[in-house]
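In the two complexes that follow, chain A is the common piece, with chain B as its partner first and chain C second.
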Partner chain A sequence: MKISYRRRILIFLLSVFCLSVLVFAMSRLAPGDPLVSYYGDRAERMSPEEKDRAMERLGLNESMVVQYVKWVKNAVSGDFGMSFKYKQDVMKVIEGRLVNTLILGGVGFILTFLLALLLGILCAFHENSWLDRIICKVGTITSCIPEFWLSLVLILIFSVNLRLLPGSGAYALGQSSSISSRLTHLILPMVVVVMSHLWYYAYMIRNKLLEEIRQDYVLLAKAKGMSRRRIMYQHCVRNIMPAFISIMAISLPHIVEGTYIVEMVFSYPGIGTLSFESAKYHDYNMLMVLCLITGIVVIFGNITGQAISEAIDPRMKEPEIMEVAADGSR
Partner chain B sequence: MNKQYALEINNLSVSFFTADGETEAVRDVSLSLRQGEVLALVGESGCGKSVFCKAIMGLLSKDARIKSGEILKDDRDIRTLSEREMQLLRGSGISMIFQDPLTSLNPTMTIGRQIAEAVKLHNRELNRQQIKAKVLELLELVGIPDAESRYDSYPYHFSGGMRQRCVMAIALAADPQILIADEPTTALDVTIQAEILNLLKEIQKKRNMSILFVTHDLGVVAKIADRVAVMYAGKIVEYGMAEEIFYDARHPYTWGLLSALPYYARAKGELQAIPGFPPHLTPPPKGDAFAVRNPYAMEIDYEEMPPFFPVSETHFAATWLLDEHAPEVVSPFREISKRRCGA
Partner chain C sequence: MEADKTFQLVGAGYKDTVVPVERKQHWWTGRPICSMVILGIIILACVGCRFFMTHDPTYMDLASYNLAPNGEFWFGTDTMGRDIFSMILYGGRISLFIGILATVLSTFIAVVYGSISGIAPGWLDEGMMRFTEILLSIPSILIIIFVQALIGKDNILVIAFVIGITSWMSISKIVRTEVRQIRESEYVIASRCMGGGFWHILRVHLLPNFVSSIMFMVVMNVRGAIVAESTLSFLGIGLPIEVISWGSMLSLAEKALMTNSWWMILIPGLFLVITLMCITNIGNYIRKNVNQRQSNM
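Presenting the complex of A and B:
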């Protein structure tokens, strides 16, 4: 079924709205004191009157509905409020960290799928050979290792024992613009992000390709004299592309989530650590924005995934079929 | 080697090696395809016809292996060819079309591109326009009207019969001397079947091609074949000119197949079926594999495999009934055949 672009945008906006309501309500209903995040230890020594005044100043004394409407009003005009913890405009705080996450998550995402595709093709091409078997076994093992544990082990080996690579942060102190410093800091987290997701997708691609190889058209392609390699690339890989891209889009949340966990363990100054902090310290405005960004990425991923696979697979284009059918009857 | 043969297969045996043991799918088959003839290979499902074809094309799956025998084309055993040489041979020397036209085309690629691919593989010197011209020519050859506008159509735009024509266009793209047609009309309905058969025959005459036509349908065989070979349980049991097989069959299995034809059944009053099932070939039974289903079976059939007995210069049958010690058995078709021949 083809969905019009207008309808897609509507679905997108509706999803974002629902998400914002949910996050807003949940964060405020969760037990804990938001004042602690703003005033720190001082909040505990405040008298009830002082606390009331502080709540009023932060705009937290009103009913949740009123708060939400106010938040939406400000958000639409571009003001997402102030971070309680950093006492700074939320967007300012995020700005500095977004790039770090984009580098880790974005490159990790692309690298994961590029390697998954190559590995999947390699395994499918050499189906049941020793190479395929070894890759399958090793892959299954690596995909079962939890990210946080793998991170810790890698830190232990490469930064604590061998002292080869840094185990935390995104760059050495004062070297935020040094590419080599950023790269060395990126290696371990990137390895974890890629390793923990790679096989899951590579295996999917391998099996999709094996299904494809067993199709009759492959036999005909062989009968007309094509080599296995050409059939693989020009027919089979091409035919699994829609599925591949759908998988990519659907898996966006998994990789995002993986990135967040990895950021936590490596104290990588990205959105993941920030999200964790903001949830922990009831930094409402910060949490809202971060959840929305993450949510938008995920929803956007799903919607574009569908749009792209429709564009690639000719069978999904309904109007064209009608056109040709009309042509044929002429 | 005799020049009149386009393809000569001697003592070919193919086995599948599976967890259950060795399955002898093709057993010691010798068969020759003459230049410019249509040879029909007939047998019921699972008798090894398709495996035989795939063995010739070098397209056996990994668990299958040619155990012995030779496949001679132009004085060369194609079993000794490298994979690269095999690829050159496929399509240009020997081409093949398959049973199900609905699945044998890549659904996401236009018909034109799929045929062009085959043309390009064997005519590297052609440029884009020349390739397209050749594709259009092929589409016209296989009787697809309005070829120009069909070039960019996808397989799902076509009906089954049209798709089989496209598959034929692909198979004929590099002017093969030999075409192996593995049940090309089985998946089509009867009227389309006749069209495709006529087309195949017409192209075969036009290009003086040799066709190995595999089918389980003797009605189809009658329409197209010059010679017929009957296969049972991985072995050829009888072969001869089409008339000899239809009017003077000697093997009880061929009789069984013929009596399942409505034409002959009319004379007998009811449609006959061969009782029982084909044997398992893991391992094959001792003696004649057909013995257990054969009403004319003798003791020796259970003990020893019958050799080929000549019936005429072109007609051979592997049944002990033709041995000089065997009792006289009259073919159940003698009468009908005589009547038919006299008429």
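Presenting the complex of A and C:
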């Protein structure tokens, strides 16, 4: 087991390294003057000599490799450079918003999977009944609706027409510490995050359960007089847990993506809105860090998920996880 | 009648013998005919939009802006006075075109990348697959925004290109798995011995073998590309408002929300959702068929 942990950490570090190289190279290939992204409008008013000096100070004259090494050195000590738009340290801008995203994405993620599991069990219990069919049909429809449109429709109904819930932001003006204000602002985005992913995963869980209830041990348990409910909860659901956790791990990028889009539509002050803004204003420093943070979180989640499902069920090795992944990739 | 009754079986647990009537198998049973017809109508109407449009979709009729659906403007007009019905037909063409172009590009990249990875020696294969996993780990919307910001232009081809080069990863994984299974087959080895190049082997021997297993993903990629285009355009970093597509029509939504003009949001979105559903149904049908064949073998 120890070796495998070491191997996992190695894979993690390697992935993060590749990711950082990729993101760094992409941001340096960007068109436009990198000086502009450091100094903003001031760069345009600089004389050629001043520009040269600035280039030298920022190390932009050196080769890409040297630049990358320097960037990593700074990054390790927590210095990711300046944000062009906010004229502030990148990390400072992100710090304030990370929590918002974590609340929306994290709670959304947990809710999605709790409901997906319940829905999957419900459908598997009543396989092919009218309930199952209706849920399947409705589910397929909801999984086809793009997040941004669902958000728009919900805003139109609940915010514009019924005036029940606020349609943008994370809290009402001047009430950043009020929990009730935050909660009401959270409802609509959360509904969209959950709704748009729920059926996709509930359907996977339903199919896994349907496979499971066709196993021989279910027949044996039934012959011994176990109730349907007990067979389902004590055996079948327990047995699909490793698959469930790998599905959770694989779903991370999708849910993060959904959260970002929802944030942008609701102009919820989080990482998603920030990345959208920084793309719009060509704030590459910021965008780079945001890509990196997201990537690291997702890679970490993937590796942890695999580790957990392998710990629960040692038979669960790479190939089977891959199979679930191929099933689940859109 | 009397004779029949005397011969009837009675008693505990008596059940009327019901001979299951074999339902006649029509050619359409199990096929997503409804979806195909609707999708066909939408595609035809969009391609031949010239014949169906009631107004010029680009003409801004300043006298009649922000009108609810009525006799003259079937689906109403938007905040710039353009007829939404005509815009949907006209813009659908661009949305569908981007969906297909992006998919063609991403499928091409996926097939080539996956095949190379499948044929390559172990260490290269491992490296290439890790690379796709890293790309998969970043939410695709973030990559698309990133690449879009780097390219900095916004026209149809650029958007299709950006979506295409950011959505090939999952298909290439499947291609790689399939190629790894068949690369040691005698016919591939024979072809290599006779001097067949990479492209020849790919086209003649590998492609026909894995085309059915990636078909589902390819269809789903069309869906993903349409969603990506509309999301990008809606957010204002895809197509500009002057280029009409379903996404850029919805980018007026913010103004529509202020004036509570539901038709501007609901109608284009409904078309989008119906199209996506039809594509999904067709995709699911393809997947089911592939699975059936596998289990029979």
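Here is the rule we go by: the second predicted complex is superposed on the first by the 273 of 330 C-alpha atoms of A that agree within 3 Å, B and C clash if a C-alpha of one lies under 4 Å from a C-alpha of the other, contacts with A are read in each partner's own complex, and residues count from 1 in each chain.
Simple rule for what comes next: contacts are C-beta pairs under 8 Å (C-beta built on N, C-alpha and C of every residue); 3 or more make two chains touch, one makes a residue touch a chain.
Please read these numbers as outputs of a predicted model, since none were measured by experiment.
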item	value
Partner chain in contact with A:220 - chain B first, chain C second, else both or neither	first
Which superposed partner A:239 touches (first chain B, second chain C, both, neither)	first
Which of chain B and chain C A:203 touches, first, second, both or neither	neither
Touching partner for A:80 - first (chain B), second (chain C), both, neither	neither
Partner chain in contact with A:282 - chain B first, chain C second, else both or neither	second
Broader residue contact with chain A after superposition on the shared chain, chain B or chain C	C
Touching both chain B and chain C, residues of chain A	325
Chain C contact footprint on chain A (complex, rising order)	11, 14-15, 18-19, 22-23, 26-27, 29-32, 140-141, 143-149, 152-153, 155-156, 159-161, 167, 253-254, 256-257, 260-261, 264-265, 275-276, 279-280, 282, 284, 287, 290-291, 294-295, 298-299, 302, 322, 325-326, 329-330
Partner chain B, residues of chain A touching it in the complex	128, 215-217, 219-227, 234-235, 238-239, 313-315, 321, 324-325, 327-328
Residue numbers on chain C that touch chain A, as the complex places them	130-131, 133-134, 136-143, 145-150, 152, 170, 173-174, 177, 217, 220, 223-224, 227, 230-231, 234-237, 250, 253, 257, 260, 262, 265-266, 269, 272-273, 276-277, 280-281
Of all residues in chain B, those that touch chain A in their complex	57, 59, 62, 83-84, 87-92, 95-98, 100, 103-109, 117-118, 121-122, 149, 153-154, 156-157, 167, 170-171, 173-174
